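Sending over a structure as structure tokens; questions will come in a sec.
Letters are used for the chains, namely A, B, C and D, taken in the order the chains are written, and counting of residues starts over at 1 for each.
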Amino acid sequence: MSLDSKSAAPAHPAPGHQRRSALGSVLKLRELPVILALVILVTVTAALNPLFLSEQGIKDLLLNATILMILAVGQTLVIITRNIDLSVGSILGLVAFGTGSVFVAAPNLPIIAVFGIGILFGAVLGAVNGLLITVAKVPALVITLGTLYIFRGINNAWAGGTQYFAGDRPEAFGNLSVDTILGFPVITLIAVVVVAIVAVYMLGTRPGRDLYAIGSDPEAARLFGIPVTRRVLMAFVVNGALAGLAGVLYASRFNSVGATTGSGLELDVVAAAVVGGVAIFGGSGTVVGAAIGALLLTTITSALTALRVDKFWQQAIVGILILAAVVIDRIAGVRAARKLRIAEARNV
Amino acid sequence: MTASPGSTRPGTEKRQKPGRRGAADTSTVLAVPKGRTGAARILLGRDAVMIYVLLVVVLYACIVIPRFASPVTVGFLLLDVIPTLLIALPMTLVIISGEIDLSVASIAGLTSALMGVLWQGGMPIALVLVICVLAGLVAGAFNGVLIAYLGLPSLAVTIGTLALFRGLALVVIGDNAVANFPPGLTAFFTSKIGGTGIPTVMVGVVVLIVAFAIVLHFTPFGRGLFALGYSKEAATFVGIDVARSKFLLYLATGTVSALAGIYWTLRYSSARSDNASGLELAVIAAVLLGGVSIFGGKGSIPGVLAGVLLIGTINYALKLDRVSEVVLIIVTGSLLIISVVAPNVAAAIKQARHSRRVRSAPLP
Amino acid sequence: GGGAASEGGDSEGGSGSDGEQTITFIPKQLNNPYTDVVLGGGEDGATEAGFASSEVVGPLDASASSQVSFINAETQRGTNVIVIAANDPDAVGPALEEARTAGAKIVAFDSDTNPDYRDLFVSQVNAKDVALIQLELISEQIGGEGEIAILSATANATNQNEWIKFMEEELASNPDYANIELVAKVYGDDDDTKSFQEAQGLLQAYPDLKGIISPTTVGIAATARYLSTSEYKGKVALTGLGLPNEMRPFVKDGTVSEFALWDPAQLGYVAAFAGKALADGTITGEVGDTFEAGELGEREIGDGGIVLVGPPTQFNAENIDDYDF
Amino acid sequence: MTHLDGRESGATDPNAPVRRSVLTLRGALKTFGPVVALADGTIDLVAGEIHALVGENGAGKSTLVKILAGVHQPDAGEFSVDGQAVSFRNVADSKAAGISVIYQEPTLFPDLTVAENIFIGRQPKGRFGLISRAEMRRRAKDLFDQLGVPIDPDRVAEGLSIADQQIIEIAKAISLDARVLVMDEPTAALSGVEVERLFAVARRLRDAGSGILFISHRFDEVFGLCDRITVMRDGTYIATHETPAMTVEAIVREMVGRDIDALFPKSETERGDVVLRVSGLTRPGVFHDIDFEVRAGEIVALSGLVGAGRTEVARAVFGIDRYESGTVEMLGQKLRSKDPRASIDAGIGFVPEDRRKQGLVMELSVERNAALTLRHSLAKFGLISTRAEREAAETWGKRLQVKSSSPEHPVSTLSGGNQQKVVLAKWLATDPKLLIIDEPTRGIDVGTKSEVHRLISELAGRGIAILMISSELPEVLGMADRVLVMREGRITGRLDRSEATAETVMHAATAALESSR
């Protein structure tokens, strides 16, 4: 072949647009729609019902979101690797009941130790999921649907009719979800710190980026030498640990923990991640987005109540919100793809 | 053309070094290159395992649990599993085509709510039923448009419609419950065929089962579903209309979910917004237990039938034995996990044994 | 607890012949503290009344249809007496019919079924009394005027709905309550989290709310928890039906001043004796029939086939430590 | 069938290393269940050489590569790096040993940016030990400058053409500064220019002391680039030769164990009536005003540089993609846009360029794949039977000599060439009037290649109209009755067989382009 001039390679765009303006990158954020939705929702509601943004109102909004936020962050790790964990509700239930039991068995245990035990317990349950999935190489949806039942069954067998109430736990522990620092409830601050740590990890470390690569194409990741098994296992363990943390916080905030604590939570958690722009088939999305998704989902319920919207409409509206999030994400994706194509076509 | 011998047939190769046992094994395995067809294929396949497990469980229950072996069992058991059984049929096709539908139970609930309101509003029951089925069709079409034509991920979409349809059910009927359906009709839905114990409605269910089995296993459309479950792109290249196929499947899930909703309402003679809630996970568990691959492309109706009946049987047997539902939950979860883990473990053991044998063979 | 009791199901009982009578309790939902107390009384009653075996079976979720297959299985086992707290008055109907056809006696307790489907209903107390007590308590606590709301269990709960109906009627007709306005009814589905958030929503949507009535043990405890952790503690009154053990901390910290409940154990106890009398044929469930309910003495079947157990007790800071359930 | 024992035909002895061996594999065995993919994998790579590995489809080349890469663990055999015996448990081990691999199938992460794709797992770190994106972008740009291709490092990999994907793979591999670089058919998707650039890079790496293992089915590349050649057949090592001592014929004989027929067995055929007529076909930004016709018995080649838009035209004609204006007529009937089913019914068959993603359903059995195009015609009363499928599949499998252990096995267990045969079989089974073949011999060995060419000629001889897209100039010149040349989405040259030469085709594909700049 006789061609050697560089200009003969026609299909590539000129790399002229590398420096992007700050505004441009904000506008390109995947999380932008959900942030906008949240801002609009809060503004409109507050305008109609000032109580919504009273000190107590804000505190309630944040408290409501806290547990779902932590769960959504964990779930995001797992979803990004093209897996899913449906058992989080059951893990949360087990750990919450476990927390209740620990306080009853050892009332003088330092609170921090109880957190440690809860997180560890969750991590172990997450590891059960992760090991089954990675070692036996079976789909996460099937395994975690299985453990959703099994963990719940164990919780039922363990707890029976026993429930532990807020009164069974030290007051300092319950106060974590009452006291505030700078207007933020303590447990919400814990959640925010968790989100921040995981976000940095996902964005700026190699193992974090590996998770995206794995979700983007698991087979390629294996061929490329990314330790897929270890990373996916880690994602499940972390998710379990976060569900464990959420379980401890649940015990701090709510009154009773027992056999059914946390049931049915799994779909809410996945919905929060989806609303926050996490692609359900892995490879893209951020934990910050998922956290905001969780905040939006819990806020919308409060907002509708505050606006005295007929309660029968509330669930339908949540459904529409989820669908809207999916559609918007899609439109954004299509537009990005079209832009790429146009950029290339011009360059032909 | 004179073909060069395939690397997969080393036994015929003159250059093949003798005494390598792995290779020798291979040639004997490959001495039957013809595939299996018909009955043999079904009886030895993955689906068959579930059928055998079902048979064993039924037998065991008959021996161990007093009164289990009776027509009464058949009746109560079938009445319990019919909603799962119904929805599992289209769900099988949906999952084989590589999608999922989490909104089925909500569609059933919406149908139930609608039925209650319309009947209470004084509409003739026949018309109520027709409208309810149409409502299911519309709900399915809504899913179908979003998933098939707008190309949105089904897991995300149906989590949304799971909430939406259940919400609409609440909007429709609120916190009311309607119970005064025509006694003849509700009685029909719990009636049995003679002394067999088989519920009369099973006749209709069987017709649906046969229809879905034929569509999936013996029609060009069904062949297309398997192909597109594995690879939508490749399916497009052989002229399969991916969007249309998927749309039709969601119509089917919508409609059958409506039927399940109607059954539910009339069997329990109670129309409420929360009817059948949580059924979606039970259906999916049964379908997956029946050997359908969650990634699409693999599965069969006989396998799914076995999966549904297996859970149903264990459920009823445990109840009859007054064993707590806790056990059922744990058993269901474990079965689900075992059903996917076991084949992989078996394959791994086989491969490990094979490798060990090959490795231990003396090298030339 | 109830869960453990249901495990021992391998007993060969239930043939139903020759006085070897069997009784099975089907609560709304297993693993619920209130239910456990009720069933505890039921077990005692069954033993004292002379049943050969007594069992507890039931669903883990309180949905309308979940009890049906348990009734079916009991029918097939030939259980003589089925005691049930219905999640839905009608959904269990056809199954109960079948059980009766097969010879079983049906006693409803705690939450009634449609009267066509049972032989009698053992009610905690006169529905109207329960409703009125709660109204009295809230009126007292808010000083006789202001907005109140109700946080109930599920939207279909038979017993709660009946009480709410009486409350609404009384509010409309009794001049003492003229200044009290019922502004909302919400449902926590007997789920701790849901009830908690419904309570929170109420306070946000109705800034002038003075008091909440929660006629369900789960609801009142969850609401109390929310109030005690928020700025509304001590400002918004709360009453309703609660378990003393669950409510103790909230009474002590001033969130709740007074609430009510009957003794749940008596409910199960009486139901067991009623079942025995039905099975023996000493009563048929007619109005006016009487039977002996062990240490609680004679009971009479009232209008609508209802047996009353006893008056509700009111719990407050003074007496709450005297009770343990 | 003749079998030549390769070891006798002037082979160098691999056991007597001339220079320092960086990598030696001897007697490697790899089985997958009943399939013996590699019976005797042997290779000896020395520092500072480019070493070709050749063999027919299914000879076990890629399997050998995956053993070197640590993807597969051999069942038997000796493996040493730098004289030290090694056994890799996974890819990471292989990487740590300095082996860098470009696989036959591109392994990019579609959601990640191009830069991140190159540096995944070893991203440059900046402050606080966190990844520095700026640095990563800069290095990626350096690499592309080196390769002379302007790919935007910040775009996501999703939607890149196969050629661009391959270039990123190459960038990734060379950025590793590995001592051993293994390239499994890196040029299959590349055009002449890019191939030349790749070769320049490869030579530079060799001169810097790396050992390079190069796999290709194109002999001009093998002979033009490589210092030594190792031949494999049927999973077994045959021989290693110094390149200058060898001829194409000798290599081919070793590869297939016999003499093969001439490539391009073109036979003159009668041209019949117009079968396909495309007029004014336009999709803005992709192709414009495409007019051409294909007659019965005629082979029309669509030539041009990679990215000229040939595939897009073919997809539009077949109905996979929509077009904005223009018409496609099949036997006088206008075809609807975006309706492949109608195209199939009208008698068009389409062998797409990406056989793994488009041509086949990889996990489906061989027979199901072969019968997929026939699902409607095999059905009786709307019902289809496995037996009918099997028979149809077997008929065509035999005709095309598809090598598979069982028709029930997934088609993914076949080698690349045999997969391509299954694709051809499934379309031939539909008895098409027009066959569109995109890159008919991509990744196909010489033996099969000549077979495919003979088949195409034979089909044309039977009156089937053939539209062939090919990036291989010799194939185009050897096979076509007429050549259409595309450039930047337009047809810039229409050449009869008599006029078509390497110069005229290349001129049409590039000349105008140069004058416009």
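Basically, contacts are C-beta pairs under 8 Å (C-beta built on N, C-alpha and C of every residue); 3 or more make two chains touch, one makes a residue touch a chain.
Source: prediction; values computed, not measured.
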item: Centroid comparison with subunit C (C-alpha atoms), farthest chain; value: D
item: Distance between chain centroids, defined by C-alpha means - subunit A, subunit C (Å); value: 38
item: Multi-chain contact residues (two or more partners), subunit B; value: 174-175, 278, 324-326, 329
item: Touching two or more other chains - residue numbers and ranges from subunit A; value: 156-157, 279
item: Junction residues of subunit C, two or more chains touched; value: 3, 30, 60-61
item: Contacting chain pairs - touch in the sense defined above; value: A-B, A-C, A-D, B-C, B-D
item: Parts of subunit C lying in touch with subunit B, wherever the complex brings them together; value: 3, 6-7, 9-10, 12, 24, 30, 55, 57-61, 63-65, 68-70, 72-73, 75-77, 88-91, 93-94, 98, 114, 154-156, 187
item: Of subunit A, residues touching subunit D in the complex; value: 1-15, 17-18, 200, 203-206, 209-210, 212-213, 215-217, 219-227, 279, 282-284, 337, 340-342, 345-346, 348
item: List of subunit D residues in touch with subunit B within their complex; value: 1, 3, 5, 27, 29, 31, 33-37, 39-40, 56, 58-60, 75-77, 233-236, 256-258, 320, 340-341, 343-345, 350, 352, 357-365, 367-368, 371-373, 375-376, 378-379, 382-387, 390, 401, 403-408, 415, 426, 447, 451, 454
item: Contact set on subunit B toward subunit C in their complex; value: 66-67, 70, 72-73, 76, 79-80, 174-175, 177, 179, 186-187, 190, 264, 267-270, 272-275, 277-278, 315-316, 319-326, 329
item: Residues of subunit A that touch subunit B when the two form their complex; value: 86, 132, 136-139, 141-143, 145-154, 156-157, 264, 267, 270-271, 274, 279-281, 310, 312-323, 325-327, 330
